[in-house]
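Read from first to last, the chains carry the letters A, B, C and D; within each, the first residue is number 1.
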Amino acid sequence: MLARSDLTAGAVVSGVGLAEQFVAVRRHSVGLAAPLSDEDCGAQSMPDASPVKWHLAHTTWFFETFILEKFEPGFAPFDTAFRVLFNSYYNGVGEKHPRPRRGMLTRPSRAEVLAYRESVDARVLALLEDGVADGELAELITLGLQHEQQHQELMLTDVKHLLSLNPLFPVYRADAEPVAAAGALRWLEFAPGVVEIGHRGEGFYFDNETPRHRQFLEPYRLATRLVTNAEYAAFIDAGGYREPCFWLAEGWDFIRAEDISAPLYWRKIDGAWREFCLAGLRDLAPDAPVRHVSYFEAAAYASWAGARLPTEAEWEHAAGTGGLAQMFGAAWQWTSSSYAPYPGFAAAAGAIGEYNGKFMVNQYVLRGSSPATPAGHSRVTYRNFFPTGARWQFTGIRLAM
Amino acid sequence: MLARSDLTAGAVVSGVGLAEQFVAVRRHSVGLAAPLSDEDCGAQSMPDASPVKWHLAHTTWFFETFILEKFEPGFAPFDTAFRVLFNSYYNGVGEKHPRPRRGMLTRPSRAEVLAYRESVDARVLALLEDGVADGELAELITLGLQHEQQHQELMLTDVKHLLSLNPLFPVYRADAEPVAAAGALRWLEFAPGVVEIGHRGEGFYFDNETPRHRQFLEPYRLATRLVTNAEYAAFIDAGGYREPCFWLAEGWDFIRAEDISAPLYWRKIDGAWREFCLAGLRDLAPDAPVRHVSYFEAAAYASWAGARLPTEAEWEHAAGTGGLAQMFGAAWQWTSSSYAPYPGFAAAAGAIGEYNGKFMVNQYVLRGSSPATPAGHSRVTYRNFFPTGARWQFTGIRLAM
Amino acid sequence: MLARSDLTAGAVVSGVGLAEQFVAVRRHSVGLAAPLSDEDCGAQSMPDASPVKWHLAHTTWFFETFILEKFEPGFAPFDTAFRVLFNSYYNGVGEKHPRPRRGMLTRPSRAEVLAYRESVDARVLALLEDGVADGELAELITLGLQHEQQHQELMLTDVKHLLSLNPLFPVYRADAEPVAAAGALRWLEFAPGVVEIGHRGEGFYFDNETPRHRQFLEPYRLATRLVTNAEYAAFIDAGGYREPCFWLAEGWDFIRAEDISAPLYWRKIDGAWREFCLAGLRDLAPDAPVRHVSYFEAAAYASWAGARLPTEAEWEHAAGTGGLAQMFGAAWQWTSSSYAPYPGFAAAAGAIGEYNGKFMVNQYVLRGSSPATPAGHSRVTYRNFFPTGARWQFTGIRLAM
Amino acid sequence: MLARSDLTAGAVVSGVGLAEQFVAVRRHSVGLAAPLSDEDCGAQSMPDASPVKWHLAHTTWFFETFILEKFEPGFAPFDTAFRVLFNSYYNGVGEKHPRPRRGMLTRPSRAEVLAYRESVDARVLALLEDGVADGELAELITLGLQHEQQHQELMLTDVKHLLSLNPLFPVYRADAEPVAAAGALRWLEFAPGVVEIGHRGEGFYFDNETPRHRQFLEPYRLATRLVTNAEYAAFIDAGGYREPCFWLAEGWDFIRAEDISAPLYWRKIDGAWREFCLAGLRDLAPDAPVRHVSYFEAAAYASWAGARLPTEAEWEHAAGTGGLAQMFGAAWQWTSSSYAPYPGFAAAAGAIGEYNGKFMVNQYVLRGSSPATPAGHSRVTYRNFFPTGARWQFTGIRLAM
């Protein structure tokens, strides 16, 4: 998952405007929690998810640990216990609270966590005002903000999962997840050749986007838009979840073991599909992109449709050409590429980089971004990644041939 | 567990003073939650435990379902969804929310649950004022109050377990769990003979306490007080948890699988035993009764001490004789009697009695009462019961020979 | 399980005829394996069962460890590795091979195990011929033979389970498990009073049958025969496995988790019940006693039939009165008594008795005997015991009221 | 796993000499079982492994199902039950026996399975003698022989695993797994450029080796030999299994959950490493390649050594250049490439090809071959694959930079 790694910025970021960015990003996190009660913020729906309160605290812990502790004269922690409670790292920065028990932390309260945020915010801003925003400080603050943006997306995916378990179908925000229209599906063709993949080095990027390197692509075609709910419903109606020939063997075992027969938040009520979303339960929008499918479901759908999933290099190369819709903002798009280091990749030194690359196994790359991704956070070279069974993220399908 | 069964009152209860009892018991539940935040009240620490908010709602559901629905003219439910959310019964009264997911119910809020309580309370009291408190209504209200008292104990045991998982060692109430002194252990002897066991039928009782019947007891001896923390610590120091000869085979497997080497809430810090309790973390009181041990640990200690656990008949017979300390209020006392129906036991008819006796397998009877038991709730014939691995209840040890 | 405990003989056994008994019992075990291939003898169908070869070796290990090692001058083990491989005890006699991996022991071969048996047999017989059959030697040999008889029953239950997993429905012996006729069910009444329970002390017995002690029995009635297949089929046809009101709560969870809807070896083929047995697959005999039901199923059937299971004291007291059929040889009969020590029970000293009583928790007593029980092995005071979910033993149902 | 897929031959094979090949390969399988007892052949050590007897039967089922049923006039199955028992496929060819229960099939006996083999062999040879060895028949027989060779390797890996669980350390063959010498490790450099990967189409190959396609390789270096036991022992001595910084996050969780601290068959006895192999227990050979490591261990070693694992394209390109030792026959070599379809890959039609590609997820490619691989079976383009936790195969490590 993004928030668990890949935190080393390679780019130098100017101090100009950084304080404003900092205030805006930090404020946005608190705003995301505004529609939620204290209980909503404290509950953990599964080990893969975290409470919103924990996200609010952990992103603050990041600034306290990697910035204040290093740059603030006479640094003292806000609360020593928080060093352990809100650490998500392994040994590099000491002990951590077990992940599946984050929902047990009814103390500190949300109010105390907000006070923690305010204290750290003021102290970070004081550093910026001191004019000490040299390269490294600016770089680490930028990294902290990118890290916080990743957690902003997780706050939404985790809250959606939590609320979905409540038979009352609670509404997070009535205007959340607006439905987008989609045109006809066409296929865009790409000629074979050596292409360059990876980040060029201007602006912010994560280290897993580098080094920029060459790949040879055989000719391929890419769908101009994502698979829609209506198309996916046709797959279900055609018996897609009952016919093993469309499925990877592990995927077939997965859907049977988990008793899966539709995307995560679809509910069949009185014979019609409805979908739970952050705006509550609503009718399934036929033209909206299907979301919340596992890699297995994405691959099975592609197989049934006589197509396949793209590689991440195919996706990235195409993204630079124009002509493709819904590349960003509609859904993260599963690729057939397992998450692996680029040729020449080297982990950064120190605690922040200690575990770079440690998630590069048994996960698949997703490209694009979702309705939950903060504005400006993603880009053409951005690599998101999740295990094949993950369904609570805003994951969708773009076909290739 | 008490609250899961055994809810049929056999005794007729006078309507006089019932309204006052009702108000007092209902108020007490809300008071137990007073020191807790909304988050504290919403979290569920394990499938065996329930959130405090759920206890507050479920006890209200009981009055709404078994009393208002039956006796109130023009009855309409407070909220139809609550019928499912706060039902702990099986098919007799419809669907229920899965027990392990009670902690996911961040909605309805605590405030809404308290409004639910107030509405139901007012309507029950209106019934009483209408003078319709005939035998059956009074009987059901009395049963509802006894049921609520059982949940009052569970609210405390479940909160204690939840808070124990927090490294901050939160304090529920600074004056909770005061330490009681204990005298020297002596052995009281009992002659053989036929004795009568079970409730005589005056006042309130649960159906599992009946029928009163005869049992023959061979001669036996009972310890005049409970096993103390100091005595139990000596068992640990003597290698009690490392030597299989003291343990039931299943108990030995249990402590190894669960990595158990001390009572549930003991913590060894800097070489000294401390104990987490509702007043926070404190030094282990040597003379206080050991609590929060499983049946397996109680039996192993008894074996190590050259003694055994009493049967429930031995306990009940002795309880009528005087001369024994700490029979009530110090800890529930494991007996070697598996929870089984008394000769001639018959389940009550209807939804309330539908599952009487359905827990009478693979559980062991505990006698007495604990610091968490509401005043006046237990009695000499009272039968509590839990599985052999249960440790989060206030369970202790009285030896027999 | 019988073979895991309760191995201390309390009675003095005369040396006269002991050699003949020894030869007969030891030969019988080998004979039980005769219809089986080497593979049949080596496979382990589940952790609760053991390979036949292991039973043959373990019973021999018992004589080698507890008799030869103690009484044979210049004793040397047949093979030191066998001391570990065929030990079922805990620490008292050293390490043991993990139980679930007994089926992995393809070496030593069956032929080697038979050679082990022959060597130990010859040496034990030599001890007897030496005239040293004093009290303790005779007692231990008798205990070893009783122990072996328990394993003879397990050899049959374990082989039946193994073969049942093979879609070819292999036949162990065409004449195994002959069908017995049953008369009409009547109810025999017993008056209340103090009775004596437990072994009187003449002849061989296990220590768990003692001390003989007094119990008071309230009036009760016992069915004159066991529940038949036809009666049990009627319970199934009436929806017995789909209606929770008949079931203990844990039993209901059990049958749903294990997907159980009939006795273990029943197979519905082309709309008719057939039963797998040691003679292969055959039509269900309507008048034969139902077998291979768990405690949960026995209790649910009794509840559906408006009756209950007897206590072990009721069963034992009635067994002395005559008038009851199928008390022995038809099926082990579940009682509602959890397996517990009799008043005054004390474990024997030393390795053999080291763990007496260690199985006295979360198991229920079965009385009588089954078609697989060796002739003369059981008796009125005999206490068999298994956990509530055990189904692969020859377990049946006698009703009480 | 090889034997579970990838069975479609793309090449035309001449009928000349095919009968001789057939006889030789079929005879070799029986020979591999020769040192084993019936029990050895029947046992299944874990769900991932199969009994040797099952391998012998399943490879025969393949010829019966895909060749005799199609080409033999008046075809009748040897035994209809075998169609299910020895089927490893899903729906395409009917029901199958559950994989984890293969060890329960004590019937049919090994002798019956050998009779099955002889019958099918004679009938296949009769087809060849009939001169009907046209393209498709020859192609399918060739495929059946390649399939059988894959199972020959599995017979050895599965038997090694089974015998390793026996404390007696049984010897399969005293001359098995001879120790090979290894020279000094050097690094061979490769220049960047577009290379061709995949099979050219002459001779036999599996469909996953095609289509041949272009890849761009950045400059890289490859170790001239495999990592040795001595080198791996140095990693252990340096605390490699105790330091998370070397491990993929999932790998760290894996070795802690499984309590892994050395390669699968290493045993530390009296302070010195010994290794269980098919020749029994022997001293660890310092210069022999380390074997039986998971992907996680291979990656952790590489990280500790300041290197990485090669991609499969790097391996394949290098394999064509000469200068590299131990490419074949020493150990399968983990690559960092997840098992995925080559560009343009299309599954074959029909039952044989029904599930081509269905294993292409969450597995990693291994290149080369092992001491257990039949002569002539592997090649430069051959793609073996296993999940990251697999250790019972002959898996080793070649480093890259």
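Heads up, the rule we're going with is that a residue touches a chain if its C-beta (ideal position, glycine included) is under 8 Å from a C-beta of that chain, and two chains touch if they have at least 3 such contacts.
Note that this is a predicted model, so its numbers are computed, not measured.
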| item | value |
| --- | --- |
| Graph separation of chain B and chain C (steps between touching chains) | 1 |
| Chains contacting each of chain C and chain D, listed by label | none |
| Most remote chain, CA-based centroid, reference being chain C | A |
| Averaged-CA centre spacing for the pair chain D and chain A, given as whole angstrom | 37 |
| Separation of chain B from chain D, taking each centre as the mean of its C-alpha atoms, in whole Å | 58 |
| Chain centre separation in whole Å, for chain B relative to chain A (CA means) | 45 |
| Multi-partner residues of chain C (at least 2 other chains) | none |
| Contact set on chain B toward chain A in their complex | 37-43, 45, 81, 84-85, 97, 101, 103-110, 162-163, 165-168, 170 |
| Chain D to chain A touching residues, read off their complex | 4, 90-92, 192, 194, 213-218, 220, 244-245, 247-252, 295-296, 299, 308, 336-338, 340-341, 343-344, 354-355, 358-362, 388 |
